[in-house]
Amino acid sequence: STGNGEKTVIEYWHVNAETQGGKTVTQLVEDFNQQSDTVEVVAKYNPDMYKGLMQNLQAEAAAGNSPAVVQVGWSFLNYFSDNFHYVSPQTVIDEHFPDDKTFLQDKFLPNVMDLAKNGDGEQVGIPYSLSSPVLYINRDLLREAGLDENGPKTWEEVKEFSEVIKEKTGKYGFYMQEPADNWATQALLESNGARFITDGKATFASDEGIEAYQLLRDMVVEDETALHIGWDQGIQSFIDGSVAMAYTTIAQRSNIQSNAQFDAAAVRSPGWEGKDVRLPAGGAMLSITAEEEDQQKAAWEFMRYLYSVESMAEWTKGTGYVPPRNDVAEAENGLKTFLEENEMMSAAIEQMDGVVPWASFPGDSGLEAEQLLLDLRDQILGGSISVEEGLKSTEEEINELLQ
Amino acid sequence: MKKEIQFEHVKKSYGDTEVVKDLNFTIKEGERLILLGPSGCGKSTILRMIAGLENITDGNLYMNGEKMNHVPSGLRNVSMVFQNYALYPHMTVKQNIVYGLKVQKLPKQEMENRLNSVMEILQLRGLEDRLPKSLSGGQRQRVALARATVKRSDFFLLDEPLSNLDAQLRESARKELVKIHEMFNQTIVYVTHDQIEAMTFADRIALMYNGELQMLDTPDNVYHRPANVFTAKFIGSPSANILEADYRNGWVHTGNQAFEVNDSWKEHMNKQSFDDILFGIRPEHLELSTSPMSNGLEGRIKYIENLGKSCSIYLEADGQEMIAVSENGSWKQGQSVYVRPQSDRIHFFNKATEKSLGHPAERTETNQTIEERRVLV
Amino acid sequence: MKINRTAEVTWHIIFFAAVILLIFPIVYALGMSFKPLEDAYNNVLNIVPFQSTLENYITLFDTLPVLRITLNTFVIATVATIFKVVTAFLAAYAFVYFDFRGKNILYFVLISTIFIPFTVTMIPNYLIVSEMGLLDTVWGVILPQLADAVGIFLIRQSMKNIPLSLIEVARLDNTGHWKIMKDIVLPLVRPAVTSIGIWFFISTWNEFVWPVLIMKTTDNYTLPLALQMFISVEGGTNFTVAMAVSVVTMIVPLALYLTFQKYIIGTFTSSGIK
Amino acid sequence: MSTLILVREKLHINKENALGYILLIPSIVIFAVFTFWPLFYTVYLSFFDWNMISPSKEFVGLRNYFDVLTDPRTYQILGNTFLYIVLLLVINCVVPYIFAFVIDVVLTRLKGFYKSAMFLPAFISLVVGSILFTWILNPVSGPLAIIFGWVGLEIPNWTKTEGWIIVVLSIITSWKVFGYNFILLYASINGISREIIENARMDNIPLWRIFLQIILPMSSATGIYVFIITIVQSLQYVFTPVKVVSQGGPDYASSNLIYHAYHEAFVVFRTGHSATISIITMALFLLLLFLEFKFVERRIYYEN
Amino acid sequence: MKKEIQFEHVKKSYGDTEVVKDLNFTIKEGERLILLGPSGCGKSTILRMIAGLENITDGNLYMNGEKMNHVPSGLRNVSMVFQNYALYPHMTVKQNIVYGLKVQKLPKQEMENRLNSVMEILQLRGLEDRLPKSLSGGQRQRVALARATVKRSDFFLLDEPLSNLDAQLRESARKELVKIHEMFNQTIVYVTHDQIEAMTFADRIALMYNGELQMLDTPDNVYHRPANVFTAKFIGSPSANILEADYRNGWVHTGNQAFEVNDSWKEHMNKQSFDDILFGIRPEHLELSTSPMSNGLEGRIKYIENLGKSCSIYLEADGQEMIAVSENGSWKQGQSVYVRPQSDRIHFFNKATEKSLGHPAERTETNQTIEERRVLV
């Protein structure tokens, strides 16, 4: 790419480490710059995922600067829209790109676009990467334990499987990811009929919620068939065969696929007997934070490029995320062959209809509320508090905060 | 501009302890002054005040006629040999010696010359590239001395510069110091404990005690005409004998014995009589004999100390202790002997003030120039 | 100086254990950087890889302009170190050898800054750097890091142990302060200066929180940022490449250390002050 | 002009000490800009409720202080901080002190080897150290767990166990700074006149006494530095492993005051709270430093 | 178990430089041995080897009959005064002195007693609570001495313990040392540069030069029967005169002059004649006169050094330099004088080896016990 001085230079902030599509970002940006006469994109990597990006954005905003396009993690949706300056993509399109007027409507499913709407129903950005939790299984271990090699279908089965595995092989049965968010917990609880948020209030301490959490707690604390350790370590233990099943994001696919030396598979996220699975969408949207007009224009030009079928396909291959555009999976220039070759992906794609927004507590204290839930996880899985008491008191506390 | 050092009511205290008390004296240009006195009496402190390393608590210090109290030491044109050497531990012997010259930007050739000559004189050849920590005590001292001498400043302060050297080396070093002094005529203030050094090197000796100046005079006068008991006892080894006595009519009575002084003494004592004075005589001025002598005192030998070329005889006479020296070793412990003070070598002191009652022959110092006084050492 | 044999042997055993404990992670990291990731996961015990591979390094060099990044890091670390050591030395000298009003208070105030949490200074400094137009520049990374009182503290402690008579000798020679600093004080506090210099170098070299904020373009990256690019909880960290980055990151300081080891370790034993 | 003279009078600047001020200028300028200004800004912020970006700052007076001081979590974290300090003081100050003493004074062989080897980890960043230790100490799959497994031992699930997490994070921090502190102390002990130690040896004074009663006081100038710097390390350097390994968890069991300030500012974006915690932290440690100056400094042995 | 120290082919090198060469001698139990020798000759090194502070490069060191090469110094029961004091800088004077005793868990009362007595003896009263850095040089030295004496160990090593003290204090300290020695009968090895100290304190003197033992004998023999030229010149001040001479038939020829020796010398020289020998005579053994003497040599006074109680007369006789001493000060520079060597005090040395040709009177040391030798100092 050549900077001839006339190009508008914009910054694109992303969180994609080399293991998580970083290469693809570099490639896409480079290709874009090559083909664009008017825009030059500088990509800035932000370590520590969406939280890290949000921190840096905070500093940048405080200094009165802003990048043009940023990735915003779903759990920061409300915080971002409340506190940062952004323009809705449609606004930019309407103002400068009449040709693209229907681009968003045409290419995205409404329920997917809804993921990027804040509590007030404003379109904050465009979904860019979608992920959902899947259950990775170690088929060798399951077989060794005499279990169904296709894995458990329900959480109840997960518990049973784990017991058998522990008994038969001495290995741990199950690990559920423990990052600094409640993504997987939400899937576990809401699939059982609980709801994290109802009408702007926390409601996870319902009977269903308690029941669901109790199952996980019992596996960890009572049965000791499930592991309670950090995410890195949990994945490490799954890959080296110390744990038979791991419930984690599809984004770990390539890591697991290429490093596990056993027969590894990904199956759909377990549900609860007789209930619908509800899976929070992971990943991020792209939002335009550019303040000047030419920057905003450039931002959209770049985004349009990123959302093209070819780019999306590259993006999916590079990251393991599920594409947000409805036509990419089937398209010949899209992912067709890729999906055929990567069986693990299908579990994630297949369960897309069960995807719901990632619960994001509204208001100034949203992040604090999120944090309280994290603290609760440590308390419950550490065995220092009962599930019922923990959920109830935390719910109360959060609701107090949200007022 | 005179290279003179003048103390005017100079005091120095550390906190509450006054270590130098009201010092008043002048060190003359080109003089070799020896500071003598018991350990802890303030000698090093005086040097340090001259060098500007120690604040003066009270009074004034003049050098070259200018008040120096607040002049930084670097501007005083002083060099000093520290009692504890203060060698730069990270520099070799050679670097230590020439460092000051380098700072002064002395021409290289001149530097080399001075270095070479001092290395030779102080027998430091072969140690050029050693670090101080691999030197013996005496070698370190010599390096310190070398470092100070090469500077050739107007004022030269030496704090026991030879204490760790053997007699031979000490003697030759002293001679070299004299040579340097003769070439550059620095004003030298020299602290030592060695009386031979003091006697041979000094133009004048300043004797300190407890922060106070006891006597400031030529070595000859300090030895022969001590101003007070302290001086008499401090100078000379073995120490001078001091006996309680009465003086009556030309006769010195001590205990049950008495002896007569000579005429000039009688004249000097002015026909007066004194009760309770102190009578002093150096051991080397006592004649010793096995048989009674006129004007002699009787005593008994308590013990004998053999010093090689002579021996010290410790005796008791009338309940008071005395020491005499003798070159021959035929004395026996317990023996009864007679001692006679050489009449022109005795001293009298006021018992209360311990000040000298003077000497018959006039002191000569005042009308003698340094050059006259100075013998070729 | 001798002690009895069993005691000596016991001590050696303890020290060997300590050395192994301290060195093992480094060796392990080194081994890991030559393993395929798969191997790293599945054969944790073989420190020396079964199948060594340069792939991790190749990946690293393919992904990033490593030399350029190393150079950036080097420039930042070197400039910062020199500046910090020099200012600290000068300040310490002022504190030890001058008497001026407010000296002790000023010293106390400066030293107390080592207790200021970096969270306090981060955002305001970002504003300053941004205001100065130094974002995404080497100076933007360097400047705020210069405010570090640790050097003043250590060097002053060390200077206070130089016998005053050594300075006095020099002062008698009318040696100027600059010369005293250079020829006498500096050599005598060399252990402190060297060790604080090494410390500054290593900590600037490894600093990542601040450069992450300041640097944007890959060409301006420092090595610890490069490391961050291979760490991701969500996508899984590529440990072996991360270790390759770590090894590269280690190499320069280590090479410098080994080159000057004799001098450095010598410095720590050349005491001689007393 | 006259103000200049006034300033000179006030500061007692004269020819002799003017250079002293000049030497301090670079330091003062840098600290003023990059430390003191931010500090005042933070003090200012501690009276507001703000998240650093929203245009509205709400002045809340002392409420942040009230909140922080009544929050039981604050005290838990204070306790953690204290535990870190104690642990690091033992591992990073006491142990290297003893090591340096034994290696310098007692041993005759392998001194150089120990010195180089122990210094080595100082070159590695704490981020790498944290990742490495997380991997090596994985309670299920790490090499250590496997080796322990052979003899039927289990590694505690340290990442998720209160107490253990602090121990391990302290070990990680120590791993990096141990050698550095060791070398510093070594240099200082090595600078002590051998003859003084020899004299003690000749009196048949036991080694532990030589250490406590001679070496310790005589190297106290560096000792106190290492002591204070270790406290700083247990505040500031522990931050990296906390962030990389545990994010303060489980349930704040590994958080310390600095991490907590960071957490408040950059995770839940409560700038006012964070500022308050920072101010309190500082005040606390300033007090400590002040006490050190007041009472310990006098007992430190300086040559001049 | 004998408190004896035995050197058996002991060598000590620093790198290439051999500073102690093949040392072979025994220090007897309870003996007071003085180590004497020029600066840098290895005295301190020898003490340090005895104390176990320095490895022995080669040979063996026995103490109490046991090989000590590798015994840690703490187990040797030695105490030592270091040349540079080595005081604990962070301890007060009192703490410095009692520290070793405290560690030995000496009863409090006993400790107090020893402390008090040593404080008294060494005039340290009033300095109890001072730190070393606020002491004068001599005070520090006394603290070091005090610290070593209170220990009362079997072996007592002193490295110039009194070099910074004045003559009086030195004398009294020496006497106290003797008292302590008489009470505890330690084996003392004492380094000094002060010959008076050596003469008065030593049972035997070991004279070192360049790492080699030159002579080990009683002070008397060292003075009167020097084993070689070095010893003759080193001991005594002014230094002994050494002249080139021929010995023929009882006549010593030097230059154009000659004098006759006494009969016992003639007998000793065994009627042989020697070309090119060295003839030695101490200045104090030269009789000086203005008029010719039988067996006297003629010379001319070059200069005179006034030492207070005596003066050194430097003269030239037959192109060789000589020194004489005189108690009277009536000599003049340039004057022609006659000197006569006291016949029983002369020495002859082989010119090549510089070894003594022996003395007529048999040495007495071998059949004299320490106790007999030791005079009450």
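As written, the chains take the letters A, B, C, D and E, and residue 1 is the first residue of each chain.
As a working rule, a residue touches a chain if its C-beta (ideal position, glycine included) is under 8 Å from a C-beta of that chain, and two chains touch if they have at least 3 such contacts.
The model shown is predicted, which means the values in this text are computed figures rather than measured ones.
Any chain that touches chain C and also touches chain E is listed here: B, D. Fitting chain B to chain E on C-alpha positions gives a rotation angle of 180 degrees, to the nearest 5. More contacting C-beta pairs link the chains of A-C than the other of the two pairs A-C and B-C.
Per-chain CA centroids place chain A at a distance of 94 Å from chain B.
Taking the mean of the C-alpha atoms as each chain's centre, chain B and chain D sit 58 Å apart.
Between chain B and chain E, the centres computed from C-alpha atoms are 23 Å apart.
Shown for chain D are the residues in touch with two or more other chains, namely 16, 52, 135, 141-142, 193, 198, 201, 266, 303.
Residue positions of chain A touching 2 or more other chains: 58, 62, 232, 236, 240.
Among the residues of chain E, those in touch with two or more other chains are 52-53, 72-73, 84.
Taken together, the chain C residues at the contact with chain B in this complex read 163, 165-166, 168-176, 179, 183-184, 187-188, 270, 272-274. Across the complex, chain D meets chain E through its residues 193, 195-196, 198-206, 209, 213-214, 217-218, 220, 301, 303.
Those residues of chain C that touch chain A in the complex are listed here as 37-38, 41-42, 44, 59, 63, 122-123, 126-127, 130-131, 135, 208, 212-213, 216-218, 225, 228-238, 241. Of all the residues in chain C, the ones that touch chain D in their complex are 1-3, 7-8, 11-12, 15, 18-19, 21-26, 28-29, 44-45, 86-88, 90-91, 93-95, 97-103, 106, 108, 110-125, 128, 143-144, 146-147, 149-150, 152-154, 157-158, 160-164, 177, 191-192, 195, 198-199, 202, 205-206, 208, 224, 227-228, 231, 237, 239, 242-243, 246, 249-250, 253-254, 257, 261, 265, 267-269, 271-274. Partner chain C is touched in their complex by these residues of chain A: 11, 16-23, 26, 42, 44-49, 52, 56, 58-59, 62-65, 179, 231-232, 235-236, 239-241, 249, 251-252, 254-256, 258-261, 319-320.
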